[in-house]
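So, here's a batch of structures to check.
Note that chain A is present in both complexes that follow, paired respectively with chain B and with chain C.
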Partner chain A sequence: MRFVLRRLFAALLLVFVVASGSLLLAQIAPGDYAAQMGGNPAVQAAERHRLGLDRPLVEQYTTWLRRSLTLDLGDSFQYRRPVLDVVGERARNTAILALVSLVLATTIGIPCGILTGSRRGGLLVRLIRAASLMLVSVPPLITSILLVTVAVRTGFAPISGRLSGARLIVPALALALPLAATLERLQAQAIRDALHRPNMLSALARGIPRRRLVWHHAWRLSLGPILAIYGVMIGSLFSGSFAVEIVTSWPGLGDLMRQALTVRDTHLVAGCAAAGALFLGVGVLAADVAHAALDPRVESETA
Partner chain B sequence: MPRALACALLLTLGTACRSSAPSSDDAKTTGPVRGGTLVASLRSEPRSFNRYVDNSAAADTTDALTQARLVRINRRTDELEPWLAERWTSAPDGRTFTLTLRPGVAFSDGTPLSSADVLFSFAVVYDPKLQSPLASGLRVQGKPLQVSAPDASTVVVTLPAAFSPGLRLLDNLPIIPRHQLEPAFKAGTFGDAWGLTNGPGRMAGLGPFVVSDYVPGQRVTLTRNPHYWRKDASGAPLPYLDRVVLEIASGQDAEVQRLEAGSIDLMSQADLRPQDYATMKRLRDRGAVTLTDVGTGVDPNVLWFNLATTQPSRGYLQKQEFRQAIAYAVDRDAIVNSVYLGAAVPVYGPVTPGNRLWYSENAPKYPHDVARARTLLAGIGLIDRNGDGMLDDQSGAPVRFSILTQGGNIRAQTATVIQEQLRQAGIAVDVVPLDFPSIAQRWMSGSYDSIYYGFQASAMDPAMNLDFWLSSGSAHVWHPEQGSPATAWERRIDELMQQQIAAPRIDDRKRLFAEVQKIFGENLPGLYFVAPKVSIATHLRVGGAEPVLLDPKILWNPDTLYVKDGASAPQR
Partner chain C sequence: MTRRTRTGVILAIGLAACALAAPWLAPYDPGRQFSAYPFAPPMRPHVIDAGGSWRAPFVYPMRLVDPLERRYEEDRTRMIPLRWVSGALVRVDGAEPWFALGSDALGRDVLSRVAAGARLSLGVALLGTVIALAVGAAAGAVAGYAGGWADAALMRVADLVLVLPGIYVVLALRGALPLVLSPVQVFAALVLVFSLVGWPAAARGVRGIFIVERSEEYAEAARAVGAGPMRVIGRHLLPASLGFLYVQATVLLPAFVMAEATLSYVGLGFAPPAPSWGAMLQDAGSARGGADAPWLLTPAIAIVMSVLVVQLAAPARDPLLWPADNS
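Right after this comes the complex of A and B.
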């Protein structure tokens, strides 16, 4: 429990630091939100005053800090609504996309990795390896553009309209495929390592069928190293989803963050960054807990 | 010096008052069809549905669909049309107008329109605490209009000074419901009224549609206003459409993809980029879209130098000859061909041939002539002193300046071509791509050499754009808000524009404005290179579209738009 609490505290600290840093960076960037208000100096000055942008930077930050301690991240300048409400609406969509992508990547990547790690050759193995290498070397952004183009030309999946399972296909594939390829590469190596352990070699010598050995025993042994990097992968999933969301018009945090940065909606920038950090923190925490559950040494080593 | 950000200001760069009929490819129409849903894209998320506080393109679009004015400027003919006011008379002084409200007009909640709503709208827009972005478009020489209401159906508007466009100003003011918004106005919370959460389903408007639903990041749904007052030529009630859905698309690429996929019918900010034209032409040939060439754009990008802040070490940046040399050194045809892929025309001033009424052929032109550019530069002491092929000033320092521009779009590409062409003339240029707030900040603080940017035109008549032409204007971008004209030529333009806006006869106004264009062209406070040819694509199912050069290019007449498959089309 202490382990979970400590990790939870670390996650919250991460959220706070990321949100603070984002707010400060957005504030010191040239220009401000009032610049969007047109040519009339009085209109801009009034907007600047209404939003408190005419106050010193330190005062703006301390005001935000005070409010954020009560979980009030301020109001979005452009939407005139609490940041938490605006971010909450979009975070749900990002979470759905990330979760579906993670499940998709896992269900594709892990079995493929077990297959390629446990076999020496064959056409299927070569094909999977080649596809993996290609997908790993192509960033999700490019995959998104390709998938959107194919979707537009063939109509295999909608790229606009109401949010639905079908609407999720393009962004989820764009995010999941490179991740699945990474998982395949890691899982293949992990299963190879597991199969070379003495207990596995001796089981093989005792005549236990290789197929059973791979799918029942070696696979479990290989889980540890895979879970260890899951937290990091979840983090990359969220950072990758920002670009994918923009390209595929998925209304999540990435799209919102882009808008907020474009118009210097600093409170909203901080809110989006906080949500991203929260996702990362929770992902790492979940992976750590799962890893500790599988291997108690993890908890005792980090205690 | 305090300055405004004029970059978002809707500049009227005085161009053709009467645009010709667009050469639509859509030859076959079967007449208006009632019912159905039109799906348009919205390039950015709406911030509010309250046009009195939000001047974004999204607010403009929803405003065009949901609100109405006393009078309307027909974007196709540029004629002033009766709208909520069915008629008006003007006093002999040309400054006082008596408008009679159309009988039987009601807001979408059924409340009848009265002159009290008009008075309330003026009170709100001029409220000093609100500082509405609409207010500057409703002033004459900085003064508000005087408005009174002798009875419930009559409104008297008095202009504070002679102003030839007269009632055209009222096209800037959507009439809002007093019964619904007065409590918020009195409580000082008007800015929060008709927001994203408290607007949909509650706003009472006089336009053809009402906002019924908003899903963040996805769409705004508008449904037919059951109390809309207009009828078509056959007496059938308008609008034809049951619904309009505005799909929020993150960027123009997403919009084009959706149009290509057939999931939207049109783009609300409608004009195509040069790189999209080939795709749309292919779709047109396949019979999927209608492609309309509307004409030459009226809002070209401009390169202006900082004439407000003196730089002693690089005084040449403020010399007229230096700007003229640049005008000669830049090959406009090269920009047309390499950046705009042929879909543009060379221009030399802010008023383009697209603005047929106000464009002057007599304004100076600067054909590509590098030798002449070098001669002009040598005349101000800028010659190659060390034989490296680049020019140096009297102190031996290389002639160099920076261009700030918006990164990632056609402006940055154009700036790069200008950079290369000026290098051939011996001038070194640094192109600095920035985002809009950064450019605005540098402009407001005066810390820049030059900026290449564009402004959206909101009207053709130059009198509606005095902020740009007058030296006291905040959109006089090269040297804004001057206490008194800094140069003799700016003083002369001020005088001519004052005469121009007061002259009652259109011929006199045209003559005076032609002189303004000539002076502008000689002194070149802003350098213009090309104006794009505006092409607009709509899905083949869209009927009743009359694309124009000014925004909103298609949705300016939303009540007569229809979809050819009407209500039989699948719900989208």
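Right after this comes the complex of A and C.
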């Protein structure tokens, strides 16, 4: 329990540092929202005054900080709505995309990895290996552009229009395929390592069928290293989803963040960063807790 | 060095050589517009003519038969021989252009643009990697050798950068710089951003190696005969981390190639007239670009090829310690 609390605190600290950092970065950046909007100098000055952009940097930051303690992240300059409303909607879409992709990648990658890791050869194993070597080298930006092209040509899935389950197919596949390849390779290595342990040999000698040995016992042993990887993977999941969201015009955090940065909507930048950091923190926390539940040594080592 | 690694290194050197020699290899200037040939499909070189006899390589000129549907037809009555003309490896005679990989919306040669883009895209990634590794090695050396508060402070910062999704850090840092820049300024800005994002991974590893190695006998011996810290670090401990730095380079390089492509694609990297791979992909990703003119996807292939080459050149590593992409 103390372990979980410590990690929870670390996650909250992460959200705070990231939000403040991105706000300050966006504030010291040359140009501001008023200048981006254009208009004559008098209009710009009035706009600056209205938004509080004419006050000193430190004062702007402390005001934001004081309000953020009550979960009020200020108003978006551009949307003229509270940042929480704007971000919440987009964050939900990103979360859906990330979760579906993660589940998809897991259901494709893990069984394939167990298969390729436990067998020496065969056509199927070679096919999977070749496909995963190829996919590991293809970043989500490219998979999404290719999938959009295929979708437009064949019409197997919609890539524009109302948000729906079908609309999710292209972005989820684009994000999941490279991830599945990474998982396949890691799982194969983990199974290989597990099968080389002496207890596996003795189990085989006792007459436990090989199939049961691989899918039951070795897989259990390989779970630890794989769960440790999930914590690291959350980061690449969000990195990938940024490109995928923009290419497939999936209205998530990535696109909002880019927009906010280009028009210098500082409050919105901080809000997006906070939401992203929150997801990241929760993801890493979940992976850590799962890992600790499985392997008590983790808890005693880091707590 | 295994055969796989050697193949990768040779291919990587070849790729770099092509990028450097781009202006001499590419048939045309990357900005040259053949306005009569928008979205021309790739023109296949032939060696057998209509009569069925062998000839030196030649192409049939393209004719735009339907400007609305952008439909082209080969003009089978004339043949244009491919020749070595000074300044380019293969160039057709006469005024009619040869698009080996098709042309884009403005009638620019895709092959020439991809070749020129290699210099921008690979150059940014390479320079960013070198500087990130240099900074990371220096920071890791200080942290690992000195320890104490310098170590603690450096590693806190490094951990923060490492835990965040790379592309968002890149994005936030890029956003802090002026948005509209000339290509040279964009190049410098991206190198700066990539170095800032890339150093922590290198620093963490170098620090770990230093902590182990500094109490090894050879380092103790060097200190015992009176070598100062600079000499111990430069002469003994840094060489011990070279292997790690090489592996780190093969992780950072592909990540930076992808980051450049992503940034340029979303309009925060090189702006369109500049032929960077990411900027070119905008054409392929827009509306029906890639579907109607699949040859616009060439930069995507170039990106995948260069990532694959670098991954071949990477020493076979324990995938549990080195997740394939942590960009």
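In the analysis below, the second predicted complex is superposed on the first by the 302 of 303 C-alpha atoms of A that agree within 3 Å, B and C clash if a C-alpha of one lies under 4 Å from a C-alpha of the other, contacts with A are read in each partner's own complex, and residues count from 1 in each chain.
Note that a residue touches a chain if its C-beta (ideal position, glycine included) is under 8 Å from a C-beta of that chain, and two chains touch if they have at least 3 such contacts.
What you are looking at is a predicted structure, and each value in this text was computed from that prediction instead of being measured.
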item: Joint occupancy of chain A by chain B and chain C, clash or fit; value: clash
item: Touched partner set for A:R80, first chain B, second chain C, both or neither; value: first
item: Partner chain(s) touched by A:V103 [first = chain B, second = chain C, both, neither]; value: neither
item: Partner chain in contact with A:T262 - chain B first, chain C second, else both or neither; value: both
item: Touching partner for A:I142 - first (chain B), second (chain C), both, neither; value: second
item: Which superposed partner A:L124 touches (first chain B, second chain C, both, neither); value: neither
item: First (chain B), second (chain C), both or neither touched by A:A293; value: neither
item: Partner chain(s) touched by A:L186 [first = chain B, second = chain C, both, neither]; value: second
item: First, second, both or neither for A:L280, with chain B first and chain C second; value: second
item: Partner chain in contact with A:V43 - chain B first, chain C second, else both or neither; value: first
item: Overlap of the chain B and chain C footprints on chain A, listed as residue numbers; value: 29-31, 148-149, 152, 246-247, 258, 262
item: Touching residues (chain side chain A, partner chain B) in the complex; value: 29-47, 50, 78-81, 86, 89-90, 93, 148-149, 151-152, 155, 158-163, 246-247, 249, 251-252, 255-256, 258-259, 262-264
item: Of chain A, residues touching chain C in the complex; value: 14, 17-18, 21-22, 25-26, 28-31, 134, 136-139, 141-142, 145-146, 148-149, 152-153, 178, 181-182, 185-186, 189-190, 225, 229, 232-233, 235-239, 242-243, 246-247, 257-258, 261-262, 269, 273, 276-277, 280, 284
item: Interfacial residue positions of chain B with respect to chain A in the complex; value: 2-10, 44-45, 47-48, 55-56, 129-133, 135-136, 191-192, 195-197, 216-219, 247-251, 254, 257-258, 260-261, 263-264, 434-442, 444, 467, 474-475, 481, 572
item: Of chain C, residues touching chain A in the complex; value: 160, 163-168, 171-179, 254, 258, 261-262, 265-268, 281, 284-285, 288, 290-291, 294, 297, 300, 303-304, 307-308, 311, 318-320, 323-327
